[in-house]
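Letters A, B, C, D and E mark the chains as written, and numbering starts fresh at 1 in each.
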Amino acid sequence: MSRFRKRRAAKAGLPPGTLVYTGEKVDEQAKICIMEYDENILSEKETSTVDECLVFKNKPGVTWIDVNGISHIPNLQKLGECFNLHPLVMEDILNVDQRPKTEDYDDYLFIVLKNIRYDRTSDDIAAQQVSFILGPNYVISFHENATEIFAPVRERVRTAKGRIRKGGADYLAYSLIDLIVDNYFIVLEDFGEHIEFLEDEVVKQPTPATLGIIHRCKNDMILLRKSMWPLREVVSRLERKESPLISDATSLYFKDVYDHVIVAIDTVETNRDILSGMLDIYLSSVSYKLNEIMKVLTIIATIFMPLTFMAGVYGMNFKNLPELQWEYGYFIALGGMLAVALTMLYFFRRKKWI
Amino acid sequence: MSRFRKRRAAKAGLPPGTLVYTGEKVDEQAKICIMEYDENILSEKETSTVDECLVFKNKPGVTWIDVNGISHIPNLQKLGECFNLHPLVMEDILNVDQRPKTEDYDDYLFIVLKNIRYDRTSDDIAAQQVSFILGPNYVISFHENATEIFAPVRERVRTAKGRIRKGGADYLAYSLIDLIVDNYFIVLEDFGEHIEFLEDEVVKQPTPATLGIIHRCKNDMILLRKSMWPLREVVSRLERKESPLISDATSLYFKDVYDHVIVAIDTVETNRDILSGMLDIYLSSVSYKLNEIMKVLTIIATIFMPLTFMAGVYGMNFKNLPELQWEYGYFIALGGMLAVALTMLYFFRRKKWI
Amino acid sequence: MSRFRKRRAAKAGLPPGTLVYTGEKVDEQAKICIMEYDENILSEKETSTVDECLVFKNKPGVTWIDVNGISHIPNLQKLGECFNLHPLVMEDILNVDQRPKTEDYDDYLFIVLKNIRYDRTSDDIAAQQVSFILGPNYVISFHENATEIFAPVRERVRTAKGRIRKGGADYLAYSLIDLIVDNYFIVLEDFGEHIEFLEDEVVKQPTPATLGIIHRCKNDMILLRKSMWPLREVVSRLERKESPLISDATSLYFKDVYDHVIVAIDTVETNRDILSGMLDIYLSSVSYKLNEIMKVLTIIATIFMPLTFMAGVYGMNFKNLPELQWEYGYFIALGGMLAVALTMLYFFRRKKWI
Amino acid sequence: MSRFRKRRAAKAGLPPGTLVYTGEKVDEQAKICIMEYDENILSEKETSTVDECLVFKNKPGVTWIDVNGISHIPNLQKLGECFNLHPLVMEDILNVDQRPKTEDYDDYLFIVLKNIRYDRTSDDIAAQQVSFILGPNYVISFHENATEIFAPVRERVRTAKGRIRKGGADYLAYSLIDLIVDNYFIVLEDFGEHIEFLEDEVVKQPTPATLGIIHRCKNDMILLRKSMWPLREVVSRLERKESPLISDATSLYFKDVYDHVIVAIDTVETNRDILSGMLDIYLSSVSYKLNEIMKVLTIIATIFMPLTFMAGVYGMNFKNLPELQWEYGYFIALGGMLAVALTMLYFFRRKKWI
Amino acid sequence: MSRFRKRRAAKAGLPPGTLVYTGEKVDEQAKICIMEYDENILSEKETSTVDECLVFKNKPGVTWIDVNGISHIPNLQKLGECFNLHPLVMEDILNVDQRPKTEDYDDYLFIVLKNIRYDRTSDDIAAQQVSFILGPNYVISFHENATEIFAPVRERVRTAKGRIRKGGADYLAYSLIDLIVDNYFIVLEDFGEHIEFLEDEVVKQPTPATLGIIHRCKNDMILLRKSMWPLREVVSRLERKESPLISDATSLYFKDVYDHVIVAIDTVETNRDILSGMLDIYLSSVSYKLNEIMKVLTIIATIFMPLTFMAGVYGMNFKNLPELQWEYGYFIALGGMLAVALTMLYFFRRKKWI
C-alpha cells in the first residue's frame, strides 16, 4: 500500500491548475462508455475520444459518461471545458493522491472517492481513485484504469432492475457510491478471516513471520482508516441535502450508505484494537516460551551439575582418599547421586516447574 | 462473536431495497404473537401467517405484533406493505448486521437494537438483532429466532402489572427496550465475575491459557462497546422527545433507560481498562518468574562450576602434583570447596537472591 | 471495590418504579434526624418512623430530613408520597448503583452522589450512595447506613457557625455536597502517600507484591474516575443556576465546589498517569535485574568452562601425553589457567560488565 | 513536586470562607510593596502592615499593591474588607492549592496563577501560587514568600521603560502575567537540555538511574501540564475581552501571551511524547543487551561443553579403552577438539553472532 | 531539530515589542528583492537597504517585497513604521520561535509559517520561520536567511505563467504559501522511503542503531506534527474568507491548499502510528531472537551435561568399579551416551525446537 505516500512532490512549485497525471502511466487510450436513459429508452455507446460525449450534455434523460483511464490529458481537458469544470477540479481528477472529499460548485458536485480491492496474490490492498461529477442530469465518472468496477450498476441500468431507471442523476450517483462502499466490506471480510487465523497462530506458534503479518495488517488498517474517515464526511454531506442536486428521496438512500460507512469504520477500528492486542499477546507468548525453555535448562543444569561435581570428586587422584578403597564405595556414590537427583526433582515438582 | 463480521459482502452490487435475510437460516416458519389491549380488555393470538395481523392496524387500543423469526421473506413483505414501511426499513430488518439506530419516518419510528446473551457453555457472547416499528398505536417487534426474550413484558401485559396497560404504544416500546438494556447488565455481571477470577490467576499462576482468556475477554469488550455506543445515541434520541410518537410521561422513562445505558458503557470501559492492565501484569509476572528461574540457575552454576573445576584440577594426571601426595590433601581440598561454596552463598544472600 | 459491579441484574424484567433496595441488607430500622431552623430558632428531633417528618413539610424555616438507612421500604414510600416524589426517584434512591446525577423535577431537584471512604484496614475504597431532594425550603438526604457522615454540618447548624443558619435550603444542600467532595480529597491524599511509597519501592526492590498493589491502585483510580466525571457534571449543572431552587448567592458557592471537583479529577488523572508509568518502570527494572543476573552467570561460566576443560584435558589417561611427564607441568598448567581467567576478567572489565 | 498533592484535606468540613493558609508556614511578616504611578509621577513605598495601603484605593493613577507572604491572616482580612473582596476570593488566595483560574466579580477580576521555578540543586520543580486582583485602577498581587519574582516589572515601572507607565492597571496585570508565563519557558528549556542528555544515555548506557530520571521527568511533565492547561483558559478568557476591565489595546497583548502559553503547552506535550518514547527505548536497549550477554554465554557453553565431554571420555578408567594406547592418541584427540571448536565458531559466524 | 526548543527564555522580563532577533546570528546584510507588477508591466529590483522599498507602498500594481535575512533590526524597524506594522508584529517576525498563526490587523493580515527542509547529510529536519504581511496591494515576506526558497514563484511572475500576473496580492500570498506547503510533501516523501527501509530492517536484523533511528524518526514526526496542526488552522482561516483582503476566487485556491495540509497531517499521523508499531516489532523481534539463542544453549547443555556426567562417573577412581573391568565396557558406555543424546534430540524435535 506504499502508493499512498508517493508522487505528490513532483508537483511542488507548479502553478495550480497545471494538469499532471500522478498515477501509474498506462499507454492505453481512455475507454469512454456513455449511457443515456430515462424510464423508457436507453442508448449506450463506447468510444475513445471525448468529442462524442459532448452532444449528450443537454439531453433530457440521464447521461452517464464513464471515463476509464485518465492518463490522456488533452481528452480530459476538452471534456472539462465542455462541462465548464473548474481547473482545480480537473487537476484533482488527475492527481490520484486526493483525500476523499466532496465539493459543491453550484452547477455540479465534485466527489472524490477511493475504490479499494484486496489483492490475494500480493496480499495487498490496492486503492484506485474514482471521481464523480454530478450535474443536474448527468454523472461523469473517472477512474484510473479500465477495470469494469461499475459493471453491476451498468447491468442494472440495462435490465431496468430496481429503481435506477426511474431515479435521476443523483440516484445514479448514489448507486455508484454504494457500490464503492460495498467494496470496503468485501475487503474487510477478507481481513476478518485473516485476523481470526492469526489469533489462533499467535497463541499457539508465534514466529517472526506471524509478527510481520500482524504488523502489515495493522498498517493496512491504519491506511484504510485514513481513507475511510473522510469518506464518512463525504457521504454525510451528501445525505444532509446541502445541495439542490440531491433530491429528498435520494438523500434517504445516502443515509443508508452513511450507515454502511459507519459500520465499516467501526469494523476497522475494532480490527485495529484486536491487532494491537495481538502484538501484546505475541510478546507475552514469546516471553512465556522463554520461561519454559529456561526451566528445561535450569532443571537439567541443577540436576547434573552437582552430580558431575560428585563424580569429579571421586575422580581426583589423591593418594589418601578413603572412600575409593571402600568395598561398596562406587555403589554408595551412585546412590548418593540418585538421592541428589531425586531431591532436585522433588524441589522442582513442588515449584510446579515439572 | 465472529458473527459480527460476516455476510454483508453477499449484498454488494444488489439494488437497495432488495430483501435478503443475512442471518442464520432456520427452516421454521415465523411465529407471530399478537396482543391487543387497553386498560380494560386484552386479546391475544398466535399465528404463523401475516394475514391475521392486518386487521389490527386501525384498532383503537395498543396492538403489539411480535414476529419471531424473519427468514420467511414474503410474509414480511406483506406486513411491510400493510403498515406502509419503507423498503429500506424492510431491508434493514432482514439485514441482521445493522448498527443500533433509530430512524424517524414521521408515521412511525424505526428502532434497531442488539439483544445479547452470554452463552456459558461456549463462553461466548451471542448477539441477536431486534427491530421495532413504533407507530401511534402499535408496536411491531422482529427478532431472528423464536426465543421468548420478551416473555417478562408479555406477562406484565397479561397480569396488568405496573403502568403497562395504562400506557400507550410508546410505553410498550419503552418496556421492551428496557428489557433489552437490562440484559446487558446480566452479561456484564457474568463478565465481572470472570474478570475477578482472572485477576487472581494472572498474578499467581500466569499461563498461556490465562493469556488467551484475557485476550478473548478484551475482544468481547471491544465488540460490546461497539454495539453499546450507538445504543446510547438511540436511547438519547428517544428520550429527547424528538418525535411526537413519544409522550412526555414516557420520555421520562426513556431518560431512566438512558442512565442505565451510560452505567453499562461505563462498566464496559472500566472492564477494558482493567483487562488492558491485566495484560501488563501478565507480562510483568512472566518476566519476574523468569528472573526467579534464572536466579536458581545462576546460583547452582556459580556454586558448582568452581567446585567442579577444583575437582578437575586434582583429577589431572601430572606426574609431579605435590598436593596429591599430602596426607590430608583430600580433606583440605574438600574444605576448600566448602569454603568456596559458602562464600558464594554469602554473596547471594547479600544480593538478596536467596 | 467490587461492589461497583453487582446486583443490578436482579432487577431485570421488573416494571419500572418497583422499589427494590439493592444495597447490603442491614436489619436496623432507619434512623431519621430532623432539623428545622431559621436564623433565630432551631429544633432538632430524632426518630425512626417517617410519620413525624410529615408535619415539617410546610414549615417556613429550612427543614433538613436526614434518613440514615434505606433498607426499610414502606417507610420511604410514605415519605415519597408525602413530598410528591416521582416513582423513578424513589427507585433510584433505593438502587444504590446509580451514577452521580442531578435531575430537575420542577418542584424539587433530585441529586445522587457517592460518598467515598478509604478503609485502611482492608486497603480498599468504599463508596456509599447519598441522595438529596432539594425543595424550596427543605432538604431530604438519604444514605445507606447510619454512619454520621454529615456530623460536621449538623454541628455547624447547631452552633450557627458561618452563613449556614442565614442561608436557605440551597445553601444547606451546598454544605452537604461540599462535605462529600472534601471526602474525595481525604481519600486522594491517602492514595498520594501510597503512591509515593510505591515509587520508591518499584525502582529499588520490585516484587510481584508491588505489582499487585500497583494494579489494585490503578483499578481504584479507574473506578474513582468513573464516579468523579459525572460528579463534575452534577456540580456544573447546579452552579449554572438552571433551577430557580438555587439562588445566585449559593450558585457562587457551587462554583467553588466545582473548582474542587476539577482539582480532584486532575489529581485522579495524574495518579493514573503516574501509576501507568510505574508499571513500565517495574517491567524495566525487572528486565534490568535479569541482565544483572545473566551477567553473573555468564562471567562465572565464561571463566570456569575453559578452566574445567583444561583440567579435563590433563585428566585424560592417554599413555603418551608428554606434558604430564614434565617436571613443572602442573605449575605451568595452573599458570595457563590463571592467564585464561585474567584474560576473561579483562574482557568483561572492558565491556563494563564488572 | 509532591506539594501538589497535600494539605487540602485539612479543610474538610469547615464552613466556606474560613481563612486557612495551606502553604508552608513561614514566620516572617508580610512585606507589602506599594507603587502608585501615572505617566508622569511615581511614588513607591514598602511596609509590613496593611493600613498604609488603604489610602491608595481611590487615587487617580494606577496603584500596584504587591503582597509578599500571605501567612499573616488578619492583615489580609483587613485588605480584603477594604477592597470589598468576596470571602471565597480571600479563601482561595490563602488556599495555595488552587487550579489556575480567573473569576469575574464585576468590580474586579480575580486571577490565580502558578509561578514555577526549576531548582537545580534538588532537581525539582517548585510551584508557587500567585493571585491577582485587577480593579479599574489598581492591581493587588499576592505570593507565598518574599522572593522578588516581579523585580523586572518593578524596574520597568521605575525607569518608565516601554509602554508600562502609559498603560492602565490592565496593562500592569498583563506585564506581571507575561513574566510568569516567561518563567515557564525558562524551566522548559532547562528540561529540554536534560532530555537531550537523557536521549544519549538511554541508548548508550541504560542504567536504573537513567530509568529513575526518565520517570521523574515524566511525572514533572504530567504535573506541569496539569498546571498549564488551565493557564490556557485563564489567558484565553482575558484575551477575549469578556470584562470591561480589560481594554482593547491590552487584549491584543494578552493574545500575545496566549500564543506563548500555547507554545509552552506544545513543548510540554512534545516532551511527554519524547519521554514516553524513551521508556520504550530503555526497555528495548536492555532487552538487546540481554541478547548480547546470552550470545556470549551460549558461544562459550557451546564450544566448551562438547570439548569437556571429549576430555571426560578419555579420562574414563576403562581397562579396555583402545584409543588411550595409540601412539598419537593424545594429539588426535586435541585435533578433534580443535575441529569441533572451529565448527562451532563457523556456525556462530554464519548466524552473525560473532 | 533541537532548535525547536531554545532561545525564547532570553526574552523573559523584557517589555513587549522589544525587537530581539532570536535566530542564528548571521553577519550578512538583509537582501531585499522587490517586484512590482500587474498584468502588463513588471519591474524588479534588488537592494540591501529598506529605503528603496518605501516608495512602492502606494503603487497601483501588486508589490512584493521579499526580505532575505532579518538579523539587521534597524532596517526592519524602518520598514515596519512605513507600513504601519504593530510592534507585536515586528517582534513576532524577529522571534523565530513562533507557532504558525495568522492575525488580522484590519489593514493587513500577518501570517507566520515554518518552511521545512530535510537535510540529507545531517539526516535532520531544518525549520525556518517565514512571515508574511498581506496588504491590499502588497505582500511583504520575511525569512531568516538568503536561501532562495521563493525562486519558483519569482520565476512564474517573470514568465507570467499561470494566473499569477492577473491575480492580486492575495493570489501572490497563496502562491507563496502553496510553495511552503508543497515543501512539506517533499520532506514527507523522503521520510516515507526511510520508513519503508526501516520496516525491512526491524524484522530482519534489529540492532540498537535501528532503534536509535526509529526513535529519531518518531521525534521528528512529533515535531513536524507540532508545526503542522497550527498550519491547518492558519490555512483554514484564510480559506474561510474572514478577511476582505482575500477575494472569493482566491479563497477557492486556499481551499485547495487546505486539502493538501490535511493530507500532509494524515501522512504524519500515519507515520507516527507506523513508527510506534515498529518499536513493538523491534522489542518482539529481540525477544524472539533471545528465545532462539536460549534454545541453542539449552539444547547443547541438555545433551552434553548428562554425557559429561556419565564420562565423569567412569572417570572415578573407585577400587571396586565393576564396569571398568568389562571387556566391552567402554563401547557399552559410548553406546549409552549415544542413546541419551538421541533421546534428547528426539525430545527437542518433538517440542519443535529443532
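One rule holds in what follows: a residue touches a chain if its C-beta (ideal position, glycine included) is under 8 Å from a C-beta of that chain, and two chains touch if they have at least 3 such contacts.
Since the model is a prediction, treat every value here as computed from it, not as a measurement.
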item: Co-neighbours of chain B and chain A - touch as defined; value: none
item: Chain E and chain B - chains in contact with each; value: A
item: Inter-copy rotation, chain A to chain C, in degrees (Cα atoms; steps of 5); value: 145
item: Interface composition of copies chain B and chain C: same or different, split at half; value: different
item: Rounded Å distance, chain D centre to chain E centre (Cα mean); value: 26
item: For chain B paired with chain D, centre-to-centre distance based on mean C-alpha positions, whole Å; value: 42
item: Centre-to-centre distance between chain E and chain A (centres being mean Cα positions), rounded to whole Å; value: 26
item: Residues of chain C whose C-beta touches two or more other chains; value: 283, 287, 290, 294, 297, 301, 305, 308, 312, 315-317, 321
item: Pairwise touch network: line, ring, star, complete, or other; value: ring
item: Order in which chains appear around the ring, chain A first, chain E after it; value: A, E, D, C, B
item: Chain E residues touching chain D - in the complex, by the definition given at the top; value: 2, 4-6, 8-9, 11-18, 86, 88, 92, 97-99, 101, 103, 205-208, 211-212, 215, 218-219, 222-223, 226, 279, 282-283, 286-287, 289-290, 293-294, 296-297, 300-301, 304-305, 307-308, 311-312, 314-317, 321, 323-330, 333-334
item: Contacting residues of chain D [partner chain E, same complex]; value: 152-153, 156, 161-164, 175, 178-179, 182-183, 185-186, 188-189, 192, 196, 199, 203, 252-253, 255-256, 259-260, 262-263, 266-267, 269-270, 273-274, 277-278, 280-281, 283-285, 287-288, 290-291, 294-295, 297-298, 301-302, 305-306, 308-309, 312-313, 315-322, 352-353
